[in-house]
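Letters A, B, C and D name the chains as they come in the text, with residue numbers starting at 1 for each one.
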Amino acid sequence: MTYIGLYNYWIVFLLMMTGLYVVIVSTNLIKKIIGLNIFQTSVFILYISIGKVAGGTAPILAEGYKIYSNPLPHVLILTAIVVGVATTALGLALIVRIHSEYGSVDEEKIYQNDPVD
Amino acid sequence: MEALVDLALLALLTVLAIGIVRLRSLFGAAMLFGIYSLLCALIFVVLDAVDVAFTEAAVGAGISTILILSTLSITGARLEVKHSRPLIPFLITAAIGAALIYASLDMPLVGDPNAPANLHVAPEYIEGTRTEVQIPNVVTAVLASYRGYDTLGEVTVIFTAGVGVLCLLSRRRPRRKTTRRGS
Amino acid sequence: MEHHIVLRVVAKSFIPVILLFALYVQFHGDYGPGGGFQAGVIFGSGIILYALIFGLQTTKKVLPQSIIHHMTGIGVLLYAGIGVLSLIRGGNFLDYSVLGATPAAGQHIGIMLIELGVGVTVAFVMVSLFYSFAGYRQKDLDDPAAEDDDEQDSIEKSDQQ
Amino acid sequence: MISTHFPVLQVALPLLAAPACVVFRQATVTWLLALSVSCISFLISISLLWQAYSTGEIRYELGGWAAPWGIEYKVDVVNAFVLVIVSGMSSVVLVYARESLRYELGIRRIHLAYTGWLLCLTGLLGITVTGDAFNVFVFLEISSLSSYLLISLGPDRRALTAAFQYLVMGTIGATFILIGVGLLYMMTGTLNMADLSERIPAVSHTTTVHAAFAFLALGIALKAAVFPLHYWLPNAYTYAPSAVTAFMAASATKVSIYLLLRFFFDIFSESFSLRTMRLNEILLIMGVVAIFSMSLVAIYQHNVKRMLAYSSVAQVGYMVLGIGLASPTGITAAILHLFNHALMKGALFMALGCMFYRIKSLELNDLAGIGRTMPWTTMAFVVGGLSLIGVPLTVGFVSKWYLILAALERDWWWLAVLVVASSLLAVVYIWRVVEAAYFKPAPNTEVNEAPLSLLIPTWLLIVANVYFGINAQLTIDFASVAAADLLGLR
């Protein structure tokens, strides 16, 4: 797998920046959450790519396999995925409440109703 | 072969991500995000992370997408308001991206068995799982035992989210009173 | 969706299978991919499917909201409790080796119990999230769902007095 | 011996108490549980600080697995000092929170608020005590998620947008930290902090490590609200419930500053952070700009709580300045200011909570004549304000004095002048409140003094402000030993 070189990482960076761009530019709160998810997911791919070992197999011990991929990044990303969905759930709940208070999920309209001094 | 699949999937992922950025329909963006997560899960399988793939498929394509869809249906939001795409955020992200590409020049190649990440503590986990924990799934052993404390934190995070959503979305007394009178 | 007979019949036979599969994933996590988190999500989805097809009210009768909320906490308590138990038995926090006759047996017991804690919390948080979001929407439609919560509120209120 | 388990117990107890709160539900029971657990954690952290001070660092292997395979807790004077600040402030503010939260939230969801509080405490203590870089991320998210929740409980609907804004910025910050930790792992193969600091020098010339450093610095600075990444803080502090603001202002940003210290000086070495990455110049400029611009913005605020929130960003600037000076005295000043700022901002926000309890507003105009109707509360605010300005005999003076000493050590007299000049800006914005409170006629409405359950904890902190201002030797000892630890001089 080594001949991929750094391809994985470059794509990851592209995805990362796409996600971050959506978060910054979009005024729609739901779109922001989607952007945040893209951003986080790209970091997951970064970690998993770090742990790949060429010619290896999934780290479940079995007869006949000698080379396993690195299990540690997998563990870390399992945790990070859970953290991601927790953040998403809380963010969406906030959006629902914001919508019921302001009647909009668009940042510009919300701040028109309620200028922050 | 493995590498080709990886290449193709990642390319597809990029296309999807750009599609999500450009799509104005929020419903469409949410569905595309579900597919995006599913593709990510496939990539994780190719990269030997089966446990992660399982979770990403269940969480990203499942729970997250369902939550986004139910938020859409509660708020009734359909289209993103059209807005100008300002230059400065683009420049900021481009700058960070360029810095990352620069950083990648000294990175070990993907799949390199002699990369520092795969040499220092990782082999010990595989050996330790065989001799000390004595279960076949190394990921479970590291998750539950070696780094069990992280997992305790992870459960606490999900519990926090549960408490938070409950607190935010449980009805408040005064407002319900008025709706009931109205009905 | 409550009136689609096909959906109801199919779901009735499917939901037990989903719950069973969740249990399989839960306890097979030592040997193959899976574990408490994935099992919890699957178990939660099974219940969410039930709620989608048979309605939130019916589901709330089977699994009242207060039980769901208690269970989310109980998973965390179980996990952290294992940590305290290993303290009491003379090990460090979360050191499972002291839980069994041999260190390896202790590891097995510890891993199984904490994975159960993870599974319980995740499954019931998923259901709780669904209740919160779906319940919120029903309020907008001014569903009789409100009654159910009122009862709960009055219980809470008498608790606090 | 139970005391060998102290490092984990002070995190595990609030963690266990949080789900118990969900089970018990009853308001008074959950409050008592939260308060007692917080106090026990406080006592444990004092004992840890004493142990670390007298016998050196304490290590604790979680799960019985040796580091770097398992996660370890590592307590030295630096983080034990921060533990004392966090758990101590949590305990004092919890006493206050009972009445204040009941007034601002109503009774219905109050057990969930205490659950959130305990989770936030768990997260903050966990970040501080851990010796594992990834574990930092996990506990950071526990504290962040619970603080988004706590902020959203504020009485104004803008609390919701403030919480959402913080959620987005905080998640970006946390993800940056995740990227930084990932890049470090890629180059070193370890997540343990002590192990990282041994292995980084071998790869410190690589661009990857430079990027890791940048991501970690940006991510933590975002969480610490270091200027110009402070955008989320004023709204969050303004609209959160008073007790929550007091707790967060006294603990959350402090823990982030501690992380900054830990990463800059311990994991990356001092020479790497400051010479290779030229961080000290950036920090000095950021610090000075933050102090002046944010103090100026604070002067023009109509809402007193928002004014103090901007002042908090300015005060973070003093800590950044201390770090940027990068001498033992400078770091001592920064660590001292962690403690001192927690005392003064905690007291000030609690005094504001007392005012809100009676007059339901914190607009400057509505505070007219409050000095006569609520004399004790206003007096508390004034003493806290004097401390914020840095008047002798208060804690504010001690940390500014050390900052000036550090500047003079380098012969940067201009910096010393700037620090003194910036205090004048604080005089201006505190004076605006004093003017309204004492020199404007009170409206005819009947206003009573705040109840004792709010006043006593507020005055407890005010007395601490003065006590540690007069008798500063204890805190200076701890701070200077902590600084020496960080710089590897001890």
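Criterion: a contact is a pair of C-beta atoms (placed from the backbone, for glycine too) under 8 Å apart; a residue touches a chain by one contact, two chains touch by 3 or more.
Predicted model only: the values in this text are computed from it and were never measured.
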Both chain B and chain D are touched by which chains? A, C
Between chain A and chain B, what is the gap in Å from one C-alpha centre to the other? 4
Between chain A and chain D, what is the gap in Å from one C-alpha centre to the other? 28
Give, as an integer number of Å, the spacing between the C-alpha centres of chain C and chain B. 22
When the C-alpha atoms of chain C and chain D are each averaged to a single point, how far apart are the two points in Å? 35
Can you list the residues of chain C that touch 2 or more other chains? 31-33, 37, 69, 72-73, 76, 80, 83, 93-94, 96, 122, 129, 132-133, 136, 153
Using the touch definition from the top, which residues of chain A touch two or more other chains? 16, 20, 50, 58, 60, 72-73, 76, 78-79, 82-83, 86-87, 89-90, 92-97
Chain D, residues touching no fewer than two other chains: 15, 18-19, 22, 62-63, 108, 134, 138, 141, 145, 148-149, 152, 185-186
Are the chains arranged, by touching, as a line, ring, star, complete graph, or other? complete
Which of the residues in chain D end up touching chain C in this complex? 5, 8, 12, 15-16, 18-23, 25-27, 60-64, 107-108
Chain B - residues contacting chain D, complex: 99-100, 102-108, 115-122, 124-125, 128, 145-150, 152-154, 156-157, 159-161, 163-164, 166-168, 170, 172-173
Okay, in this complex, where on chain C does chain B touch? 29-35, 37-38, 41-42, 44-45, 48, 69, 72-73, 75-76, 79-80, 83, 93-94, 96, 103-104, 107-108, 110-111, 114-115, 117-118, 121-122, 124-126, 128-130, 132-137, 139-140, 142, 146, 149-150, 153
Complex interface listing, chain D residues touching chain B: 15, 18-19, 22, 62-63, 65, 68-71, 106, 108-109, 112-113, 115-116, 119, 122, 126, 134-135, 138-139, 141-142, 145-146, 148-149, 152-153, 183, 185-190, 199, 203, 206-212, 214
Name, in rising order, each residue of chain A that touches chain D in their complex. 16, 20, 23, 29, 32, 36, 39-40, 43, 46-47, 50, 72-73, 76, 79-80, 83, 86-87, 90-91, 94-95, 97-98, 101-102, 110-111, 114, 116-117
